[in-house]
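One chain, chain A, appears in both complexes that follow, with chain B as partner in the first and chain C in the second.
Up next is the complex of A and B:
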């Protein structure tokens, strides 16, 4: 479980805090999406959960972050990486650049952790199966497409068996097919219940379909927290530039024209839109 | 097939199967032999008698020759012309107008070209038959700092990506009307709009890459393990020591000859 208690954080030399009085609890196995405009503090929240704040980025931190009751500021980063995995936007930057095959790339983190070879082979194989990249095992990591590379990056972190997986806009540089591949792989993990997922994402259509819970950030504070259908249809959040899915936009227009059932909440997914428009 | 971003050519050969440290030591022995042993033709003999046969055995002879000549030929032409004709005093062999080709200059050019040929081909033999990551692992196993090994290997692999980014920035700036061709002054003026975005974007990438490798336990202290076992023949450790002794003997001989002269 992730527990964030009254955290305010300011980067070194920054004029104002990136996060303000954030408190949050994310139960084990939940797929939690974090949305918000650029500069809302989403990536800072990701670095905070992964322990890069305060271990990598120093700055001024008040409050505490606990992963399974352990305060991240008290655990060395090289131990913390075994509990919390972090995936970044740019898939290319996550490839180590020193390995000649996907299989070896996935083993890079395990080699650093000193995992015995037999166990390493087993973990690499099972992770490739989970993320459905077994067919890429012998390919050069730098010769893959963006979506494939991102899935390799996810597998590389998952092979280290973290309890928590934090993804910072992992689909921002991917095409629709690549995005779907990544979302499906993450959802599968979450459904198994072994991994808690915190995913920062702008693609609200995908968030609405896959996330168990949506947290909206604005100006470093939490302004929305709940089910996707509640958070992503909240009119107050439109003013905070959180955005809305195209289905919510259509349903909202329909409601204004009296063509959306008054008892039905606005749609955030295609299925919900079909349900609302069928009558 | 040549692998991405490195000179390595995958083959199943006895040379490829050697421990990278054995190949690195052999490269050192070749360099010491060629540079310290006297003789005008020593380096050519090393090239023809050792490097070329080993590259043929490894199945990379064609790649070695095609890369080596591109480096050595321009050097050879310039050194033959400059040293052959501009050697201050010596025995003229041929007169061409006011210039004369001197015997001593020619000999110097032959020796220099031989050295370059031997150095270039030794490193090519090593690079064509050694995977950079295997070298990194082998170096880490003997206590070489893994951070340094990572920087060397990752830089080799990732350099082409930065080249392609430089081209993208060049195209983007041209599309916005930046003059990048013409006089020296025009080109100099275009430098800042090209270099600054390249450096800044590279710095951002470096930070993200540092975080990414950190997230994979790269800075963890303690023993590392390796997915790929580094197999080596029973004779290799002793062979490496013998080569080191050989290097010491050659350097010793050279010092003795210099002192006793």
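Up next is the complex of A and C:
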């Protein structure tokens, strides 16, 4: 479980806080998506959960973050990384740059954790299969396309099997079906593997289909928290620049013209849109 | 890339879509001479790219990198945006006007004196865009311009594309955002495994779900919705969808 209690955080030399009085509980195994405009504090929240704040970014931190009742500020980062995996927004920042093949790159984290050789090989292979990069195994990690590199970055963290997985826009450079597949693989991890997932994403269609819960951030504060269909259709959040799926926009336009079934909330997914528009 | 043939007319707005590693970036890097074909040729107007330097080609084709960190290298946003026009030999007052205008268009006038690396990744991407807009080239290539932008940023990039189109510029954009693609581009080229799989009007290309799937692309949200509703129409934006739906349900 992740527990954030009354956290306010300001980066060193920043004029104002990036997070303001944020409190949040995420139960084990939940798939939680974080949405919001650029600069809303999403990446800061990711760094906070992964312990990069306060271990790497100093700044001013009030409040506390607990992973399974352990306060992250009290646990050294080298122990914390075994529990919390962070996938960066830019895969270039994740790739070590010291390995000559995708296979070795994915093994890199496991070597550092001291995983025995046989298990390491098994984990590298199964993780490559899971994110569908087996055919890239012998390629140089830095000679891949942006989207391929993003999958390698995801695999390098998944292989370490963290209890908590924090992903910062992990599909930003992926092709459309590839994005959906990553969402689906992450969903399976949270359902079957009981991994707790915090995923920052702008792709609201897949957030709505796959996430158990959606948290909306604006100006460093939580402005929405609940089921995708409630948060992503909330009229009051329109001005908070959270965004909407085309299904929600179409349903809203239909409602304005008195053509959306009054008993139905606005749609966020394709299935919900079909339900509302079919008659 | 293998056996690719493609002609883009002046003033066309073309989106290039397709799976990761399909060769989209490789293709567009041939447009400004960053890459030269092993065989075959690439012409930009009456120039064969093999006979021209990248610096010469930069007068005709502006290229905004996928990753702004591959492009930005100056110590202020102002210097970054002035660099291109200066290299093209624009007169000083024009450099000033062009660069201010470009920063205004990408909504970064406030960041003129900032260091690019003090900005967020999404903002840096817009600095990279402004740096190329300031060069005022007849053709502009945008490599995944909506990545890292929130929905307001995506809408802004859409407005910029529309602005370039209305100025008669040739706009070529690589994108994975198929809804964005449908709303702003009249022609779509789909690539898979280094080849062109489909090339045509967006309304016909974006409806071919089976072929698109071969390149890991799905039709836009509204096209999928219209299909599920068995509407005999391919809507490219919300208004088109609603109007077609009202018509079909009135029937």
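Couple of notes before you dig in:
Assume the second predicted complex is superposed on the first by the 272 of 279 C-alpha atoms of A that agree within 3 Å, B and C clash if a C-alpha of one lies under 4 Å from a C-alpha of the other, contacts with A are read in each partner's own complex, and residues count from 1 in each chain.
As a working rule, a residue touches a chain if its C-beta (ideal position, glycine included) is under 8 Å from a C-beta of that chain, and two chains touch if they have at least 3 such contacts.
Values in this document were obtained by computation on a predicted structure and should not be read as measured data.
In this overlay on chain A, chain B clashes with chain C. Of the two partner chains, neither chain B nor chain C is touched by A:224. Once the two complexes are overlaid on the shared chain, A:120 sits against chain B while remaining clear of chain C.
Contacts of A:175 after superposition on the shared chain: chain C is touched, whereas chain B is not.
Residue contacts after overlaying the shared chain place A:17 against neither chain B nor chain C. After overlaying the two complexes on the shared chain, residue contacts for A:253 are found with chain C alone; chain B is out of touch. Within the superposed three-chain model, A:41 lies out of touch with both chain B and chain C [touch as defined at top].
In the superposition on chain A, A:277 makes contact with chain C only, while chain B stays out of contact range. By the touch criterion stated above, A:245 is placed in contact with chain C alone, chain B being left untouched.
When the shared chain is aligned, chain B comes close enough to touch A:140, but chain C does not. Mapped onto the common chain A, chain B and chain C collide along 167-175, the only clashing stretch among 167-175, 221-229 or 239-247. In the superposition on the C-alpha atoms of chain A, the part of chain A touched by chain B in one complex and by chain C in the other spans residues 89-90, 92. Interface residues of chain A facing chain B in the complex, by the touch rule stated above, are 50, 52, 56, 77-78, 81-82, 85-86, 88-90, 92-94, 96-100, 103-104, 107-117, 120-121, 124, 140, 142-143, 153, 156-157, 160.
Note for the complex: chain B touches chain A at residues 3-5, 131-133, 136, 150, 153-154, 157-158, 161, 205, 208-209, 211-229. In the complex of the two chains, the chain C residues touching chain A come out as 18-22, 25, 66-67, 69, 120-123, 144, 147-153, 176, 178-179, 213, 215-218, 220-222, 224-225, 228-229, 238-239, 241-242, 245-246, 249. Within the complex formed with chain C, the chain A residues making contact are 36-39, 89-90, 92, 144-148, 151, 169, 172-180, 202, 205, 241-247, 249-250, 253-254, 257, 259, 270, 273-274, 277-279.
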